[in-house]
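Structures for review follow.
Two complexes follow with chain A in common, the first pairing it with chain B and the second with chain C.
Right, the complex of A and B next:
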């Protein structure tokens, strides 16, 4: 059946503070959207791989990437088909569609599409690392600590907690219906949809009855009393943790700096710019890779500090 | 409350800017505005604004528990029904929840569906867009109720909702990865997902048609069980569902 994508593993990345990983993913997201140059985008994508390897989530990560590759192909295709701009015309339709113009395939559009798919791969890779290495409970705790509306986070935590319970409910109800002779698996799709009611409707009334119990359990723990709640599990912030969080934010700061300085930009339209990088841009490449992957080095350093 | 006002003001300003900036700036290239980033920030702000709304609306533990449970059901129904892409009962349940329990609960159930199920399917930059898309379907369903739609009305709502959902999700890909951002490229990008959206729409129509009314009847009964009022104490000791803005008679205990 279904289960969390997250798996408990003993790697330095898994042991990193959830705030640090949240900051890092948000930063990579911003950086990926700010950068335009395909070389920089590719480097950003490759830098995220270092975390994937350190966290030993390679196999799970590939399953994310299958989905990513499918979307990146659509991005290349759509860009090629919809963008009629660019001076290197590869093909031109012999007809003109009113309003739309003359369909044209240009080299610029293809290159742009490819650069954008690298951007997408970098973003999805970063989010895959977040999903695969942060315990959802820790994420929820981090949300509360970040002063997000408490009840909304609580509702999310409750909801996530009840997923396994309800899945076993679904299986039980389906078994009951099967034992009564209802074919649920080997029939045509319309029938399957129609018969899914025999699982969904009992599930609904069953679990809504349960909400009364949950509400009572919450009230017995003084929910809504206004008193400040306590936490069984807390996120401890050592000095080292604060350093890692700052390192997590570093890529977005770098992104803004690069945006101001004009690095990482690339001209696609109307004519492709030159691919070779200028001197300062060459020096920017290792800095970018270093800043993005600095959390890995800090993670190892943190383990050393924790052991001491 | 002040925080939610602040958020609404912020959303309003960004929303207005989104219309004004392209009109003012003449730059034809990617321009000064990063639309992918701007759209994502706007979407997240809207979601947080709804969260603040829920904070004020959900007074008792019952409302919190109810929304959590509906969100869980909807989230798990999204996962295993993968015979055809996009055919899943989640959307129908979000619509029914909004229809019965009002806009705020509808939004929360929709947002939870995306957020919780993505812990299993994978979080990504699409999560806020899915939260918003499903949430808005919940909100719209609550207002749709005022038109007194029958079964046929719900089916039409499901079909329109399926396409609306696809449009909102596509916005993220369109703003972040497509150039130029014109109406023409927007429409073309919508076409790439037309099959998924159509399956989604048909799925919604079938689920709502087959057992939408029955589900609404069940939820309606629970709403009445949850929102009782002690008639002996006028105005006092009440556990009203502020969430059930849809109205309806309140049962005296």
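Right, the complex of A and C next:
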């Protein structure tokens, strides 16, 4: 569980400006939505790996991706089972479901499902990188600088701060109730719901107590005293930082260009489109990889500049 | 200076006052200890001092409060925060940031200080508490003691004149508690800061303070220099944990010995009691009978345990506990105590080795099956309590274990009677007092009449009266042929009640023996009385006395 949390590391990626990383994540998100071609999507996903490796968060990243893989597999399976479009029929059921038609498994549905999961993996990977390499307090500061209201940002930050506490609360209370003979897996559903109250109720009332205590502690340190707040740390914006932020937005620009040119699109249904590897579209592949990972090169460059 | 006149306060719609007719004046630079049973009003008093009452907690209030010349009722949060710093019990619930530096700066940010002043103040505060080494660490990576120090630093950064600490050590292990207290003492000594400290482990603090206030039912019932207050008779009845040394001197005075002063530390005790021990004819200590001869009920054989994340918590632990034994499991934090006892009721299963309880191999039994033999009481009764009535709470385990209606009713009646909870049977358990909730939690486990009872730090943060009530109950339960395994840090309790002490370190059993052998002649690990008599060995006093009773008996 611990591995989901941000940890201070001194890599070039960690030292990148938080705005740059926010811009980059937004860009990956845009690209993931704009691109349709599975090869392009796969390349987008692979390009995010460069950041993972440079930031040395491989282990933490994998534990994020473990969950993402489950979701991806579910997407592939569900899409294959419910989407009967496509001309390459691999199997056909001997019966018909009203409205939906005859269940068939088609190559198109499988490929489409896989492309969707790669799209999802790319997005999750980018967000994982953000959570693992930006100090939550810096993220909060960045949000405030983007004119989001301080109190809402603080509440969000506080709730993430207490997630691990909540998890250990659940584990502890579950131990207490299991010691009192609670066996959720062995009883019927209505009973199970009723008995899980033995874990949920102490959890909720403990959390309520906790909330009051936190509020009390914050009030005692003059929180909400009316004055406009200052911030101990600031996000410094050097010229180099501005360059990195621009680099963070670059993939979005590329995405829009590709959308206009009609590159990176692909036809799944009714028949898988032919990929013409000689077309000008494919020259975009290395450019895409380069633009998405440009922040890594800039990160190293920034270190060089910072050292001067 | 703090001046409180005829202060009475009722929370929300409470019918009983939390504070009643409190009159108090505290001078600059005083170190004041406030103690008393839970619900006596000590926390409410603290909340008044920085205006949380009446600004944060609404209610009915009468009387006047003046802190540093400010009328608390009319002052703002901002004005109070820079005059009175507050530290609460659980550090976990006071930290709002992810890293140490920013946490320390939190109050300064709220007060809109300029960045250069903040930098200076953060630096000083970190320095004052020796936290510079961990300034960049994430708050979640810190130990409980370190967290509490960060909280104190963040309060100090506001440069308050008065520091109020409401049971700052009760969530900490003894070593961190000592550390936090010595920091508080230094702030009082070196900076002349006024300190108001709520604490129920008196032996840790009485020698540090100038003044001691005892409260009960919202009123101040004793107030004065600690020696005077401790010498006075009626504070034991309200549940303040009088240090063993003081209890001993008072017992000696009662039986006619001439002891002219009350000792607050072992060093003072040795000076004051030297003549008593030198002059007295010392009788032999009665031989302690070994209880480790009955039929074994818990058999742990070459137990290894590694957590799924890979940390090895137990290394080759072998232990045989017999029916009717009272065993204390002690050791530093993370020494494997809790991991060990969780094997006894099957919450954890051995990675290697065997655990048998009442003849059942825990590997082959479910936790529910073991629940008929082994009861497990956790530290916080609030983790137990979920039902709408006390009765339902107690019968939960019986319903889970498939008892039938008539037997269930009979058993519930029996434990309600036993724990004095009869008149509360239809009440909502969370609305009960701390002590009553502790009894409900105990009853809800003991109703299944287990042969073995495990308690994981039940005395942590528990006031003296409730603690001795709990221990007397355990003694009786053990007397009926049952077995008690108690995980604790509390040396004084172990000295008085356990027969056997198992000391763990780094997941291994390092000492396992009779409490007398384990607890005597150690440096800081020994109870107060033993540390006292170690100096009197030359007068023929046995050096393995560990309780007040023994010390008094030997002089008769």
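Here, the second predicted complex is superposed on the first by the 229 of 308 C-alpha atoms of A that agree within 3 Å, B and C clash if a C-alpha of one lies under 4 Å from a C-alpha of the other, contacts with A are read in each partner's own complex, and residues count from 1 in each chain.
Criterion: a residue touches a chain if its C-beta (ideal position, glycine included) is under 8 Å from a C-beta of that chain, and two chains touch if they have at least 3 such contacts.
Just so it is clear, the structure is predicted and the values come from calculations on it, not from any experiment.
Residue contacts after overlaying the shared chain place A:219 against chain B and chain C alike.
In the superposed model, A:201 makes contact with both chain B and chain C.
In the superposed model, A:130 makes contact with chain B only, not with chain C. With both structures placed on the common chain, the touch criterion links A:5 to chain B and to chain C.
In the superposition on chain A, contact is made by A:179 with chain C only, not with chain B. In the superposition on chain A, contact of A:104 is made with neither chain B nor chain C. Taking chain B and chain C in turn and counting the residues of chain A each one touches, the greater count comes from B.
Of the two partner chains, chain B is the only one touched by A:189; chain C is not. Looking at the shared chain after the overlay, A:234 reaches chain C, while chain B stays out of its contact range. Across the two superposed structures, the residue set of chain A contacted by chain B and also by chain C is 2, 5-6, 136, 154, 158, 197, 200-201, 205, 210, 214-216, 218-219, 223-224. Here chain A touches chain C in the complex through residues 2, 5-8, 135-137, 154, 157-158, 161, 164-165, 172-173, 175-176, 178-183, 195, 197-202, 205-206, 209-210, 213-234, going by the rule given at the top. The touching residues of chain B, counted against chain A in their complex, run 29-30, 34, 36-37, 48, 51-52, 54-55, 58-62, 64-69, 71-73, 75-77, 79-81, 83-84, 87, 89, 93, 108, 112, 115-116, 118-125, 173, 176-180, 184-185, 188-189, 192, 203, 206-207, 210-211, 214-215, 218-219, 222.
Looking at the complex, you find that chain A touches chain B at residues 1-6, 29-30, 33-34, 36, 64, 67, 71, 74-75, 77-79, 81-83, 85, 99-101, 109, 112-113, 116-117, 119-120, 123-124, 127-128, 130-131, 136, 148-152, 154-156, 158-160, 162-163, 166-167, 170, 189-190, 192-194, 196-197, 200-201, 203-205, 207-208, 210-212, 214-216, 218-219, 223-224, 267-269.
Residues of chain C touching chain A in their complex: 47, 50, 52, 55-56, 76-78, 81-82, 85-86, 88, 90, 92-99, 101-102, 105-115, 118-119, 122, 136-138, 140, 151, 154-155, 158, 309, 342, 345, 347, 366-368, 371, 375-376, 378, 382-387, 396-397, 400-401, 430, 444-445, 448.
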